[in-house]
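In what comes next, chain A is part of two complexes: it sits with chain B in the first one and with chain C in the second one.
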Partner chain A sequence: MSSLQSLDIKRRSATTLPSTQARETLEVAKLIDVSKCIGCKACQVACSEWNDIRGDIGTNVGVYDNPADLGPKTWTVMRYSEVEEKKGEEMAFEWLIRKDGCMHCAEPGCLKACPSPGAILQYSNGIVDFIEENCIGCGYCVAGCPFNVPRISKQDSKAYKCTLCSDRVAVGLEPACVKTCPTGAITFGSKEDMIDHAAERVVDLKERGYANAGLYNPAGVGGTHVMYVLKHADKPEIYHGLPKDPQISATVGLWKGVMKPLAMLAMGLTALTGFFHYVKVGPNDAEAHPDEPEDGNGPHVIRSSGPGQMEGKGNVNPGEQA
Partner chain B sequence: MTNHWVDIKNADVILIMGGNAAEAHPCGFKWVTEAKAHRKARLMVVDPRFTRSAAMADLYAPIRVGSDIAFLGGVINYLISHDKLQMEYIKAHTNAPFIVGEGYSLKDGIFSGYDAEKRKYDPASWGYELDKDGFAKVDPTLENPRCVFQILKQHYARYTPELVSKICGTPVDTFKKVCELAASTATPTRNMTIMYALGWTHHSQGSEIIRTGAILQLLLGNIGVAGGGMNALRGHSNIQGLTDLGLLSTSLPGYLQLPKDSDVKYDDYMTRLTPKPLRPNSTNYWGNYPKFHVSLMKAWYGKAATKENNWAFDYLPRYDSGYDIIKTFDLMYDGKINGYICQGFNPLSSFPDTHKISAALQKLKFLVIIDPLATETSNFWQNHGEHNDVKTEDIKTEVFRLPSTCFAEEEGSLTNSSRWLQWHYKGAEPPGEAKGDPEIIGELFTRIRALYAKEGGVFPEPIRDLTWTYKIPTSPSPEELAQEYNGRALDDIVDPKKKDTILAKKGELLGTFAHLRDDGTTSAGCWVYTGAYTEKGNMMARRDNSDPYGLGQTLNWAFAWPVNRRVLYNRASSDAAGKPWDPKRKLVFWNGEKNVGSDVPDYRPDAAPEEGVGAFILTAEGVARLFAPTGMAEGPLPEHYEPFESPLKVNHLNPGHADAFNNPAARMFKKDRAKLGKPEQFPYAATSYGMTEHFHGWTKHLKGNAIIQPEQFVEVGDELAKEKGIANGDRVKVSSARGHIEAVAVVTKRLRALDCGDTKVHQIGLPNHWGFMGLAKKGFSVNTLSPSVGDANTQTPEYKAFTVNIEKA
Partner chain C sequence: MKPLIQRYSDSDRINHWIVAIAFVLAGLSGLAMFHPAFFSLTGLFGGGAWTRTLHPYIGIVMFTAFVSMAKRFWKHNVMVPVDYEWLKLLPDVLTNREDRLPKIGKYNAGQKLLFWMLVVALPTLFVTGLIFWRAWFAEYFPIPVIRLAALLHAVAAATLITGILVHIYAAIWIKWTVGAMIRGSVTHKWAKAHHPLWYREVTGQPATPPGQE
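Right, the complex of A and B next:
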């Protein structure tokens, strides 16, 4: 993506200069009501059609999840989990279906970790966008993301993820997945309205015996602009590893927060690493493997293992969940 | 659907059984989420598998494939024995008070009138006791032991919760929860809708399963009301249109019938199909049969259809038996069919017993394929390794492929499940040489007619005289076809009550089938569609969704047959006095002068309640049939029989009576019967189905769909998988008495083992979307496994219940 919203930028990665302040936009959010989602994957297809990206035709690995993971050309996937949980006084079998993708964190770990100026933006409406032309493919965003979302393409060594359809939102349209969702499981609007709508849904779910129904809008990342209504908000991890208390990796915090005086130096170093990486992996390398599967992280991706990071890894072999 | 998609939002309880709306009808399922969110509706799903619909449900009950009648019969028993009935509704709107003749009996699972040799019933003994005027006798107190209510009560008293559990494998307490929730709608202000689909029709007793559901709904007063009904979710976007236009071997458009061999004379035919009223004031709408039939013949044969030649009656073929797909391919297999025109159909993938279908196609001299895609059938002669292992060099069949258009490449109407005819416009030009189906048929017809004109032939008249007045004879336009099925006045149509009023002038398009005549002065190619394209324009193209009553009726959106009526039997939404059962959801009621409301009344508008006309105008009784004295092949009341291949050795309802093991009236050809598996070799129950990611075998040709469900798999319960050493993602071989397939195993808790008496039943799920054509990974036709046996009334194959074995490949 390149930015359509140059007047609305709230933050830019690896930049100390102030961002544009002239225009304030409404803070938006996408609300995914997991209790209404039928797992039809229409949103997946809509995403690939609107953004005109199509991954490979894969295989079945023993579950309904297809493609099996997020990828540079797969920005959202449905995750299916078979669980046994309490409903009222009894235990009931449930098939939980969660639409996975970027959460558009208010405090985005990806942006904070990114060493390349302007490769990641946050608009004043809350959307976190990757500007691929500025991306150096270092993979720090992957390490910095507590939700394990960004994926580096082996084709072009750029990081990709859901844009929250920033291009559509910029011109007053709802995201493509929202428009397509046949059941109304995904809604889009001001963050405030979405929180209100979620509250109504929670009342309904509680009335149906889900005592712990609630909104997922985790404080550890300052809240998110993609939120979930969960029947079991006390146990988000049963939804295919949704982190219970996501935090930005300690390493990222170290670079940019506590050790401020060292931050500039650190950034210089990371940029350098990125540069080396670019030289090492480079576009030529990508062209050498045009047929490799597009999904999944490349071996060159740096993974951090901060505390929040572990929880965020939805990396369990989907097969194990079945 | 008796009701319509939007109306589901008016329901208080939703039962999805014999269908999987969330997966197969995701857009329609939206109305379920609406009902849940805004009416606090409760959703129940009864299914062999924990489906994506079940994932949305408040209550899920597992059931063994093919045991639906036992389950529903048990619910009926619960309602009657717990007095959870909407009694006033039952007395006013059903045949509960009707007295059945003395000859009727049921013994050991077999009804009176059975001929074991022919595997056929003579329904004579199922009829009502008639009075001297030929009307059925009734007992309004429902106490007469031979009244329908008492017979029904006695019949289903046998379906105890314990027996249901033994047959269906549903735990007793779960079953009772379903009963209780259904029973909560026995009050006038709570309604339940039933959503079903191929999970009910794909059985050797599919029609009776649906009837059991209808009986249940009638006992609860849930038919003809908002948020109620029996709602068949149709699969293909226009399969309702196919049914309405009568594209079945013994049908004519608008649910009229082809004559039989035994209809020697025109009068035989008309008398057989024109019923007499069974109650003094019943509307008996089918009494108008001659008007519909004569108008059809005028549409088809114009001036060549005259009173003297019985409206060209002899131009119609008379049938000796149905020519359903099973029969047709059986004949083809026997070498009795030389050529086959296959339009929009993929038999090799879709019909049971793939090996038999392939062998049959190989015996053809020619095969014509009219399809937008290169299908498995069009390429049946190609060797695709294990997925289609044929000897190409031995196949002599000549295949002609006539590429046709996809729906978005053509203009016209599609009839959806709600019975709405919705007009749509062309979105793109078809690629290459592809042509629309009317153009292909137009070309074929004009050339064949020219041949008849030139060469004569044995009986050229039905072809020669066919009305073919389209502007471009080789390419009839959608508007011309729509106007033809709507029908016209061929002369001035005068109001029979007010002779000075002309209802329709000569040449005008008709506004309603009430104006059809049996004297040759009207035409209508499909009488139920009359009103769709009138002098006011194309009613199907209307797009005004205003909803003055807030019930989602939207009378100005498209056109719903019949006569733009949105809910069938809507007069039953009021009591005998014409007062709505639920003042908040009024459909049709008596305002002192007329029947009015939010819908087009399914009733004579000026029929006062005192007239006792009856809310079900299509039956000769005027009321709904709990007990069907005619019309069903296997008996007047649904009875549980096992599928033709069952994992059980006995029918627990009638143990020790082998002739009542499976449907005694279902037809099965000898060579197919020889290929039935026994539980010893094929111990597991299997069911085939579609998934949300694909539409039959079509969407595997599209990259987007191929990505989201790329490869064939089978679903296995974790308990059985463990027993068999099958791990998730392993390749497995699934076999039946007819062949085998191989696929990836999805090991899941969603298919649980069921306790059916002394047998533990494991069930295996077989999604059927893959084949050897298209972009997805190559796969097998699941119908390699399914048996060639169909429903006794419709011959719809038993795709949903058969037996298999499974092992690691």
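Right, the complex of A and C next:
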């Protein structure tokens, strides 16, 4: 998807020079207040409706998650986790419901990993978007993402994920899920406003006994443009494995970082060294040696129409010069 | 006409060139995805998606043909003591002072090391390549394994390509070597100069490298 024009592109996959920097747009964010979510899945339906995609009908795996996972045609999924957590002094049963999907990282691992120029864009408003027409289907974005979000379609070998409704946002609308949410659990606005709004919610939750309530805006990926208000921000993992300190993995950092220039240097220098070796030392040509007597027993070694015929006589072995 | 010495059989040569052609195609298509500077190489394969699709199959051709080639050449590439002496005299090797080198057999230490590099690199490329092959197998592996496979694949590929660049250059530098792999035969002079022990083995004649008479 892309409905923003090139002036709004801040970063582009597999592109070594900077993208347009002149225009700075307002950084946006979606705030998902998990404590207000009732798990009705209206947002899932809105996403499917607006983007006009329907995940394939799967099988019931015994939980409310439906479909069971994100997919090329399912860009957001409600995740349900049953936990017992401390509330005040006692343990209380809780049903934690998290709307899963792309986090729109400020430092997106998917974009870092992608080998195809322009298949992944980051707009200056913070949205990370896959441009399927440039996607080659390698799946590197899957390896790069710290949140296990991108999905490659079996039908067309293209990568898909939440666009944060970049098309709607480009024309001043909020994402479809935000518009639909009946409890106001999802809000959308400038990142700054969303952080302020979250701070109020956190104060409220703390007053209600959730001492560890907090905002999930992980610094390891430079912050995200989808943020959560969590009642248990100290333990994000209990929300269906939300990573505590997500980062672009060190392996991906090596693979896409130092290793590439080092490898390019090694290959380039090797080729150049070969060329200059030839320029300096020249060929090693056994046929260019003057005919020598063959220790008395080399009768059939006669200089003749072998390949040596074409040989220039100018090649003197430096070993002989010495 | 001076008789030539057979160095490679017809099937040796065909096998070698299948590996070589597959290497060039796998290398170019792999490099296209390796670094943005090479992305335009995807044009050679019909675009990015085609490059991504074809590359692993080409790699499998290279791997399979290499297994067959490795079986053929394995025993000639076992390192022997004289190879280490030869390596110590690398400066003489590089300045064409072959007369100062110890007598060696069918392959010199450089060729042998290249062979063993291939023996390590190709299975690595094969196994890691299967693991991060999105169309078929990647879904069966956890993401951290895929990340490691991608890193190792790229490192093995860069090592392989660097090594083969040396191999290609050596074949240009040591004259008549390319001919040996194309038509299969070498001249007596070539064999005596570069592989004297092998020369003695195949001709039964002593070989004093030129320049030492």
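Following the convention adopted for this analysis, the second predicted complex is superposed on the first by the 252 of 322 C-alpha atoms of A that agree within 3 Å, B and C clash if a C-alpha of one lies under 4 Å from a C-alpha of the other, contacts with A are read in each partner's own complex, and residues count from 1 in each chain.
The rule we apply is simple: a residue touches a chain if its C-beta (ideal position, glycine included) is under 8 Å from a C-beta of that chain, and two chains touch if they have at least 3 such contacts.
Since the model is a prediction, treat every value here as computed from it, not as a measurement.
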Who does A:95 touch here: chain B (first), chain C (second), both, or neither?
first
Going by the contact rule set out at the top, does A:66 touch chain B (first), chain C (second), both, or neither?
first
Name the chain, either chain B or chain C, that contacts more residues of chain A.
C
Tell me the contact category for A:41 with respect to chain B and chain C: first, second, both or neither.
first
Should A:249 be classified as contacting the first partner (chain B), the second (chain C), both, or neither?
second
A:132 in the overlay: touching chain B, chain C, both, or neither? Say first, second, both or neither.
neither
Which superposed partner A:237 touches (first chain B, second chain C, both, neither):
neither
Chain A positions touched by chain B in one structure and by chain C in the second
319, 322
Which of the residues in chain B come into contact with chain A in the complex?
22-23, 26-27, 29-30, 33-34, 36-37, 40, 50, 52-56, 58, 60, 692-693, 703-713, 728-730, 744-750, 775-777
Spell out the residues on chain C that touch chain A in their complex, using ranges where they run on.
1-4, 32-37, 39, 42, 47-49, 51-53, 92, 94-100, 132, 134-135, 138, 143-144, 146-148, 150-151, 154-155, 158, 161-162, 165-166, 168-169, 172-176, 179, 187-190, 192-194, 205-206, 208, 210-211, 213
Which residues of chain A touch chain C in their complex?
14-16, 115-117, 134-140, 142-143, 148, 152, 157, 249, 251-252, 254-255, 259-260, 263-264, 266-267, 270-271, 274, 277-278, 281-289, 292-293, 295, 297-298, 300-308, 317-320, 322
Quick check on the complex: what are the chain A residues that touch chain B?
35-36, 38-42, 44-45, 48-49, 54-64, 66-67, 82, 93-97, 182-185, 201, 204, 207-208, 319, 322
